[in-house]
Amino acid sequence: MSELNNALLQEVLDQVRPLVHRGKVADYIPALADVAADNLAIAVCLRDGTLFQAGDAETRFSIQSISKALSLTVALTRYDDSEIWQRVGKEPSGQPFNSLVQLELEQGKPRNPFINAGALVICDLLETRLTAPRQRMLEIVRQLSQQPDINYDRHVARSEFEHSARNAAIAWLMKSFGNFDNDVTSVMQTYFHYCSLSMNCVELARTFVYLANLGKTLDGSQMITPRQTRQINALMITSGMYDGAGEFAWRVGMPAKSGVGGGIIAVIPGEMSIAVWSPGLDSAGNSLAGTAVLELLTEKLGRSIF
Amino acid sequence: MSELNNALLQEVLDQVRPLVHRGKVADYIPALADVAADNLAIAVCLRDGTLFQAGDAETRFSIQSISKALSLTVALTRYDDSEIWQRVGKEPSGQPFNSLVQLELEQGKPRNPFINAGALVICDLLETRLTAPRQRMLEIVRQLSQQPDINYDRHVARSEFEHSARNAAIAWLMKSFGNFDNDVTSVMQTYFHYCSLSMNCVELARTFVYLANLGKTLDGSQMITPRQTRQINALMITSGMYDGAGEFAWRVGMPAKSGVGGGIIAVIPGEMSIAVWSPGLDSAGNSLAGTAVLELLTEKLGRSIF
Amino acid sequence: MSELNNALLQEVLDQVRPLVHRGKVADYIPALADVAADNLAIAVCLRDGTLFQAGDAETRFSIQSISKALSLTVALTRYDDSEIWQRVGKEPSGQPFNSLVQLELEQGKPRNPFINAGALVICDLLETRLTAPRQRMLEIVRQLSQQPDINYDRHVARSEFEHSARNAAIAWLMKSFGNFDNDVTSVMQTYFHYCSLSMNCVELARTFVYLANLGKTLDGSQMITPRQTRQINALMITSGMYDGAGEFAWRVGMPAKSGVGGGIIAVIPGEMSIAVWSPGLDSAGNSLAGTAVLELLTEKLGRSIF
Amino acid sequence: MSELNNALLQEVLDQVRPLVHRGKVADYIPALADVAADNLAIAVCLRDGTLFQAGDAETRFSIQSISKALSLTVALTRYDDSEIWQRVGKEPSGQPFNSLVQLELEQGKPRNPFINAGALVICDLLETRLTAPRQRMLEIVRQLSQQPDINYDRHVARSEFEHSARNAAIAWLMKSFGNFDNDVTSVMQTYFHYCSLSMNCVELARTFVYLANLGKTLDGSQMITPRQTRQINALMITSGMYDGAGEFAWRVGMPAKSGVGGGIIAVIPGEMSIAVWSPGLDSAGNSLAGTAVLELLTEKLGRSIF
């Protein structure tokens, strides 16, 4: 087995780099389409905060759906578990991330909090309990990452909102089933702001190390309980990678959550959080080279939860 | 954390026993409906073969879909991986285990080898390459469990075949898409024989310890590669528990495969295989008390892959 | 065969009256739920304007989806046929009237103009071409019925809008596929106003006599072409009665369009238009007693297009 | 309006002939793929038996799904209506003719007797009540057409059976829901024999004139009641043309049933039956030029039920 250090990470990136142009950069909004496809980055944060990195690990990008893991975490701190899980399920969807078919058949209860419908319900919950949900999330992310200048990319947020017809349809469908409390536009604004968080791999690895550390953050505070931490990891492995979760578990074997900006946050429970970034996506919407980086790193480290 | 021994297993069973009548015993065939609902059993097999057990761990029952993990394993020893995965996928289905809807929309390629359609494709593959697929499976199971008198319950197999209309529909639908090579009746006969394997928890834990031991069986031979072993575990955690895989990962956090006979085989990779049995099923078709046993054991042992 | 006159109509109503409480009055908005279930009415208008009537034929009610036949007619006067039929289909849906499943699978193109999605597309077309779409429709209906005081029931329209989540979801889903041009809220306001038209059976029979008269209205003007008239009748027989069109054609054998207010407008091409009303609905959402009235009248008159 | 005679029919064929190569000849079995695409034929049979014809009206072809109207008719003579309609519905499917999706969602009850599932249920009913269902159908068709040498094309029947996986899946799915009584293979053999009936347009027009004559056949006997006749016509207009029934009603406005052999039988109730044939099919599986022939004839005759 190889030892984990910056050189190893660089070696992994070098080996994977030929794949960066095989994926397709998300282009449903111009703000995402403009990102250079050849960005490639990795950062690893151990439980004690030790950090390794390689490539463009200090270049920020739009974290997009990775934010769904954050908003779920925040919801767990503000609600009893049962209040959350009566409104959103825990099962893989077996469907594209933004489909309405299953949502209608299952009467407006989203399959899990990592598909759009589920994340919108979580944002609806936060809208009810947080006084300033956008400001509050910024404070949380800045504290978790220990990086006080993290911010929303308002250009991305606005652009998302202008292309939000499908998400509006999802929210209204849930409202028709009584599973959406607040104003659709307000909640979507919050949702798109969360998606537009601009962070780099180093910041992401630091932010999410609590998932590798039984709920403890870098500054030693207990964000969520050990049990809740394991539960989020379980949910990520079954549903974190859109309709490619099975393939990802098969190849990489780590709980993970990806975003269409090309970022992935992955976790080796009890050991480390790993953030990778490469904008080109595979057919399931996950970073193609990013997945390959994680797969290769797993092999070299000889680490897998399986 | 508690130490693993027979007393701990007994303690877990005692605590869970009040749940044994909450589940519903499978009754689609008489042979299964007749099993006493109050059976409750557990057996644990460590990598070195050490065995712990409690309850009715030496009473045999119909392993049903647990056999799907066996037939996949055997297929991996007879085919190149790509030959298998071009005919069956690796994703959770998000649907009941015997639905044809998704199978038609996805042109006859089953989502994974643990739903009925996928297992039938695997049996079709075995029918092609094994000379006597029923006899061969018996030999394999007898060797894995080191128990030479394991056999099919022919009464169950016949009864299943007589109630096989849905599975016949699935097989014929795959045939219509060119994803089924052999005679439908022959393959179904093989499939139902595998399902009718009569084994107890001790035998199941011994049989499946290779999944906890990087592919090595009790007698030290390498059944499948370490990589294939991890892959099966990954597949079990995303798709092993029907449409309740997400909830199961959330509560128990182990790769596992269940059967409608009320058995579950679960794995803590690198450590142990665990077989539980209680005939009453929850709404997803998994043993209700069996799941509770695994959840409680996880808590007491402080073991989880997450 | 019986002769058509008021006495015959009264006889039909008397025979059907025992059924008025078998149906279920629509209750998704309070304004509809408050209508007395025992209303029962029929009016027949011959091509020459001769009118027969019985029961509560001068009591107004909410015409609801009957307005979909009107808005389609108006659209045909403002657009080339091809402009309409590239945005909405002509096939029965085989689904509930407000489902999104098929709409998503068929990429935002509604199956026909008589399900909600299709009617919303038609209203979107009218919103583009009519300067004051609500005022214009009022003028048209007043002219067709020769009744200048017909109006919207603004209480119903407002109530519908407050319960419009499902329709909003439908409109946004079509927008996400590029099949919706105008502001969703504006178009829905227009749509609900059309649905809230308050008319009685006499007025409805007069209004729709053009469908029995090759497009000619009561005042002798040509509303649409004979060909377009036949086409609307064809569309009504295959898709005019929600997911009960087949049963209705089977029993009654006339092109017809119903509304959840309990009204039905039916046509014997070349002869007469028939309006019936009874608020109780069958399981497909069509007036239960109203359908029975039309069936019995067909038998007594010996008239059927088949 | 033009007068109906052989010259008019010839004129219609001449005008439509340029379309014969626009359609696609069915090729799922070799026996159908071999038919020359440029066949074009029409025959009209008036209520009194007067016959008009043009083109290849005496060339036989495989009537395929047109036989579904015959088997339904025979079933109506052997069962009470309610016995039939509790096992098959009367609604358009809104789906391809051989889909299993809806059939599973609606628990094994086919939408109507003109999709494959529905026709298989009808054949299952006939298998139960007719002593020699294949021989009996031959006798009926020979009597209706007054042509004693009509026969099955056993080459086509065998070829269909060899490609029957999809239909087997449909039958087994219905069996799994308890909606299929007899042996699947036997019923399919009967079903494919009916489909393989080899008839020409003249024979078809004569056979089906009872649908234009309130149930009376050419020899003056009452095949089914006037009411049942109207009901079959109603069912044909809503469901007779696969998933193109709405478009066909829109363009042609006649009750009709088509087959993938390129034949269509259409009815002007009270007046005439019309058989057309051209092997090239449109995207819904209906004869492309055949539909155009009927549309043009409608225009020239000024006849439409609407």
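Residue numbering begins at 1 within each chain, and the chains themselves are lettered A, B, C and D in the order written.
Everything that follows uses one rule, which is that contacts are C-beta pairs under 8 Å (C-beta built on N, C-alpha and C of every residue); 3 or more make two chains touch, one makes a residue touch a chain.
For clarity, every value in this text was computed on a predicted model and none was experimentally measured.
Asks: Need the graph distance between subunit B and subunit C over the touch network, please.
Replies: When the steps are counted carefully, the minimum from subunit B to subunit C is 2.
Asks: What's the farthest chain from subunit D if centres are computed as the mean of the Cα atoms?
Replies: Of all chains, A has its centre farthest from that of subunit D.
Asks: With contacts defined as at the top, give the pair, B-D or A-B, that has more of them.
Replies: A-B
Asks: Could you classify the subunit C-subunit D contact as same or different, where same means more than half of all interface residue numbers appear on both copies?
Replies: Same, since most residue numbers here occur in both copies.
Asks: Per the centroid of Cα atoms for each chain, what is the distance between subunit B and subunit D, given in Å?
Replies: 48
Asks: In angstrom, rounded to a whole number, how far apart do the mean CA points of subunit A and subunit B lie?
Replies: Inter-chain centre distance comes to 32 Å.
Asks: By the touch rule stated above, which residues of subunit D touch at least two different other chains?
Replies: Not one residue in subunit D touches at least two other chains.
Asks: Once the touch criterion is applied, which pairs of chains come out as touching?
Replies: The list of touching pairs comes to A-B, A-C, B-D, C-D.
Asks: Going by the contact rule set out above, which residues of subunit C touch subunit A in the complex?
Replies: 99-101, 104-105, 165-166, 168-173, 175-176, 184
Asks: Which subunit D residues qualify as touching subunit C in the complex?
Replies: Touch residues, subunit D against subunit C: 89-95, 102, 111-112, 229-231, 233-235, 237-239, 243-247, 249-250, 253, 255, 269, 304-306.
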